[in-house]
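To start, the structure itself, in structure tokens.
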Amino acid sequence: MAATARYPLPDLKSLPEDIQARIAQVQEKAGFIPNVFLAFARRPAEWRAFFAYHDALMEREESSLSKAEREMIVTVTSAHNECLYCVVAHGALVRIYDKAPMLADQLAVNYRKANISARQRAMLDFAMKVCTRSQEVDDADFEALQAHGFDDEDIWDIAAITAFFGLSNRMASFAGMQPNEEFYLMGRIPRSKA
Amino acid sequence: MAATARYPLPDLKSLPEDIQARIAQVQEKAGFIPNVFLAFARRPAEWRAFFAYHDALMEREESSLSKAEREMIVTVTSAHNECLYCVVAHGALVRIYDKAPMLADQLAVNYRKANISARQRAMLDFAMKVCTRSQEVDDADFEALQAHGFDDEDIWDIAAITAFFGLSNRMASFAGMQPNEEFYLMGRIPRSKA
Amino acid sequence: MAATARYPLPDLKSLPEDIQARIAQVQEKAGFIPNVFLAFARRPAEWRAFFAYHDALMEREESSLSKAEREMIVTVTSAHNECLYCVVAHGALVRIYDKAPMLADQLAVNYRKANISARQRAMLDFAMKVCTRSQEVDDADFEALQAHGFDDEDIWDIAAITAFFGLSNRMASFAGMQPNEEFYLMGRIPRSKA
Amino acid sequence: MAATARYPLPDLKSLPEDIQARIAQVQEKAGFIPNVFLAFARRPAEWRAFFAYHDALMEREESSLSKAEREMIVTVTSAHNECLYCVVAHGALVRIYDKAPMLADQLAVNYRKANISARQRAMLDFAMKVCTRSQEVDDADFEALQAHGFDDEDIWDIAAITAFFGLSNRMASFAGMQPNEEFYLMGRIPRSKA
Amino acid sequence: MAATARYPLPDLKSLPEDIQARIAQVQEKAGFIPNVFLAFARRPAEWRAFFAYHDALMEREESSLSKAEREMIVTVTSAHNECLYCVVAHGALVRIYDKAPMLADQLAVNYRKANISARQRAMLDFAMKVCTRSQEVDDADFEALQAHGFDDEDIWDIAAITAFFGLSNRMASFAGMQPNEEFYLMGRIPRSKA
Amino acid sequence: MAATARYPLPDLKSLPEDIQARIAQVQEKAGFIPNVFLAFARRPAEWRAFFAYHDALMEREESSLSKAEREMIVTVTSAHNECLYCVVAHGALVRIYDKAPMLADQLAVNYRKANISARQRAMLDFAMKVCTRSQEVDDADFEALQAHGFDDEDIWDIAAITAFFGLSNRMASFAGMQPNEEFYLMGRIPRSKA
């Protein structure tokens, strides 16, 4: 059916310089421009806020969550929200950061059966509660996480990543954003073989 | 039970200057500091991204949605997500912007029975679909909105506001944010009487 | 959209004398006739049964639930059922009986975040179970309530009030009953100021 | 597990005279005392209101719904709410009033597959909407019923019977009311054979 | 509405010999041909697999579940899936195997209120979890069953019967299969009386 | 957490000859033994019925559904039921049969956004209805499929495949069956490159 995005992607040249610069940087690192960078760029002010928020959460140095763990939260949240772009793109990051070629698929289908630690399971259970029933979060949820060594800053990280990608999921799905083909295979094959 | 926030509010003086400046500006206009400005300020990078995103959507000049209509979307989304802070704070803004002292309560309980136009009803039906089933948004939803005169930019506005406040709702609920007392009564009484 | 009731309100003069008398009494006390008294009066036999049931539960002298607590149950049940008339009208009674101008809004949005006692929280959790999953009520529910000092008569009161207003919510929503304007502001401002 | 009611049944002799009289009348007609008459009698004021409401709806002479149709609504609503007492007791009445020994079981399992008319199907679809989503009832629902010849009074009957038995279902389930054994077989065998 | 099956029943004579033989055997025992034997026979390969699977589970000699208990699982699963054929046909078997004329109706309406043992309640709770949330089955479910004396083979039996009749329910409902009239009354009356 | 199956896999040598033969055949073709063949073999009678049913549906020569289309139904049903084994194993078959390396991931996340034909979309919409609400299947569903050229035999195929894999999903999830590692990468890379 709908293999193309509902909103046309802007011409890269027409974008503000700061946005062009960031996109060039991403392209150099990844080898391609992930569609979200172009899809949101039609509205520069929203683009800047979105990526500033993204970076504040996903590249926060002090976080005790590993980058792979943060991407696990994104993958599970996005799978629940059935967001094609985010599951495919962030599943790729799970595979790469964790050097775990099968993990993203497990998380996307049923994180309860994935090959993760008990601590990561607790992290994802809480993310799912924030994703689906944030109004019911209470002391018992904090205690369950503290029993696994998470402190209040970690818990904020889990909740905020879940909430932010809830936004991202809704935007990508509503706008018909499709994942770049490159994402599907990333991290599935050892570099030496690929 | 929990009448106080789970995360302590930071001391205003300890915050970065740009954040202090914005807060001072808000305080002057509103007469008090809405709790969200302090609650999120413990993480300045997230604070800046959050309010930049907020302003990009809620103060966008070119939007054909009125400010009252945008706050209607926030109130209905927040009511569905059972976010106490957002329903009370943004319900106050609905009352003020629309000079409609009863409308916010109607929207928060059951927007289908609220005293709004057919165009606004279509706008809120779409917001609810983005809020609850964004993965199912399709051409028919766009056509239903176009029949009421909404164009693709308007539809982006509706979806983005819904998605952004889905983030806000989850953060406020998870962190136990309470609305300021001032919000409860704002816009309920004609200024001459108050 | 629909700001008026689907069924026309009967002329007060045309009603049976006992109904007129009760309505006159309510009007004198409240200063206006709550719409439910007229909306249901088109069917006198149902009207009489409805208000007899209402009074048996809500004005039962021996109940250990305070009048404010009974109205809390009504407000939370009605919010779940998204009944505009009942949330607005009975929220007003919560404010008046409990001298708590903000409590009704808290209960209507998310009773888990409302400023209530642990005992009241248990009462409302049980009411929500009767409202949404009465078929699953079992011994554990009774024990949870007994731990807060509720006895079997109190538990009957909670269940019966929840069940009765489930009826009321469905009737008001189906018939498009709108709350009187007076309810919206009742109990929000100290009498001295109003 | 729980084959007996949670609340003890009162002694018949201890009940107010009007309640004793009605019960005697029912017992004479049915050959036994349906448990609901005793279970609710521990609270005479509620008992009187409950049965007055019941009679106002279920024995309303002017209604264009047949008695069997009214019991169909009760059976379908009670099946959705998983109320054992009401499905078994009112299923018996469906069998008797409609001389249809298999109909109640069909309605209780899946009314969409029951041997009923298109008009009855529309009636039950509306009852299910009032039962599960009364907040969404709108003009289209009224029009669908009018297309089958139902007028506004009929629609009120359907909604009110559904709402009233929603109350009854919650009370019976919460209180652990068990159906009398007699109900299970009533109307299943032609009188000549029984 | 639809009192007949959507797919025409094949002529018995036209069926392969092994299928005719089995059907003749069933007819001799039951006194009639249950519709499922004819409805599925239009596709002999599927018919053979279906009944082979059925027999492997329902007539497994080594199982520690009684035949009545296995039919209880079928009845409760089928009631949840609202499958008219299966509730009526297998409810009849519950009545016959357990000599319990009222049990099937109790199970079909609300198994939590049925007159069964605590062990049977645990069995049915697990069946309902496999029926509705198999992706969430975990160690705690196995432990709850082990506490009632079920071993891993029993648990496999419960899960497999639930899963198999989930298939059966979907086929019967989709194809509009109607239960034979004979099933409705089977096991309700002591043989001496019938 | 649980990366191994809850039930120990039987020793291949201990299995009945017919089962060993089929397994050897599969192993030769695929290069490995898919876990389902061993996991179910602990119960030979159920194994034989399961694979006979599978073959009757998935290898039915007369079907107008292509093998890839049948595997699409399996993938979408299994994704809804969150069955890790089936999504990974049958997703691999979608990729291979359809020479579409990205399609299975699209179907597993959100089939509404997958790169499929309108006819296939209708096929999957119906499969999802049988999967989640088989009790509501009615004439309108058949008509929607007929509009895309599906006849009654095709519709039976869609329903039966959905129903059969609903069984398979529940068994695999309950028993903690894990997909073989080989499945994750199958069909993702052109043979020439692999």
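Letters are used for the chains, namely A, B, C, D, E and F, taken in the order the chains are written, and counting of residues starts over at 1 for each.
Following the convention adopted for this analysis, a residue touches a chain if its C-beta (ideal position, glycine included) is under 8 Å from a C-beta of that chain, and two chains touch if they have at least 3 such contacts.
Chain by chain, the UniProt names read as follows: A, B, C, D, E, F = Peroxidase-related enzyme.
The structure presented is a predicted model; accordingly, all values stated were derived computationally and were not measured.
Asker: Among the chain pairs E-F, D-E or A-C, which one reproduces the interface of A-B, with more than half of its contact pairs identical by residue number?
Answerer: From the options E-F, D-E or A-C, the copy of A-B is E-F.
Asker: Suppose each chain is reduced to the average of its Cα coordinates; what separation in Å results between chain C (Peroxidase-related enzyme) and chain D (Peroxidase-related enzyme)?
Answerer: 24
Asker: What is the distance, in whole Å, between the centres of chain A (Peroxidase-related enzyme) and chain F (Peroxidase-related enzyme), each centre taken as the mean of its C-alpha atoms?
Answerer: 28
Asker: Distance-wise, how many Å sit between the C-alpha centres of chain B (Peroxidase-related enzyme) and chain D (Peroxidase-related enzyme), to the nearest whole number?
Answerer: 45
Asker: When you check chain B (Peroxidase-related enzyme) against every other chain, which residues touch at least two of them?
Answerer: 2, 82-83, 110, 112-113, 135, 138, 173
Asker: Could you list each pair of chains that touch, in label order?
Answerer: A-B, A-C, A-E, A-F, B-C, B-D, B-F, C-D, C-E, D-E, D-F, E-F
Asker: Can you list the residues on chain B (Peroxidase-related enzyme) that touch chain D (Peroxidase-related enzyme) in the complex?
Answerer: Going through chain B (Peroxidase-related enzyme), the ones touching chain D (Peroxidase-related enzyme) are 110, 112-113.
Asker: Quick one: in the complex, what on chain E (Peroxidase-related enzyme) touches chain D (Peroxidase-related enzyme)?
Answerer: 1-3, 79, 82-84, 87-88, 101-102, 105-106, 108-110, 112-118, 121, 173, 176, 178, 181, 184-185, 188-189
Asker: Would you mind writing out the residues of chain D (Peroxidase-related enzyme) in touch with chain B (Peroxidase-related enzyme) in their complex?
Answerer: 135-136, 138
Asker: Mind pulling up the chain D (Peroxidase-related enzyme) residues that touch chain C (Peroxidase-related enzyme) in the complex?
Answerer: Interface residues on the chain D (Peroxidase-related enzyme) side: 2, 6-7, 43, 45-46, 48-50, 52-53, 55-57, 60, 81-83, 130-131, 134-135, 137-138, 142, 152, 156, 159-160, 162-164, 166-171, 173-175.
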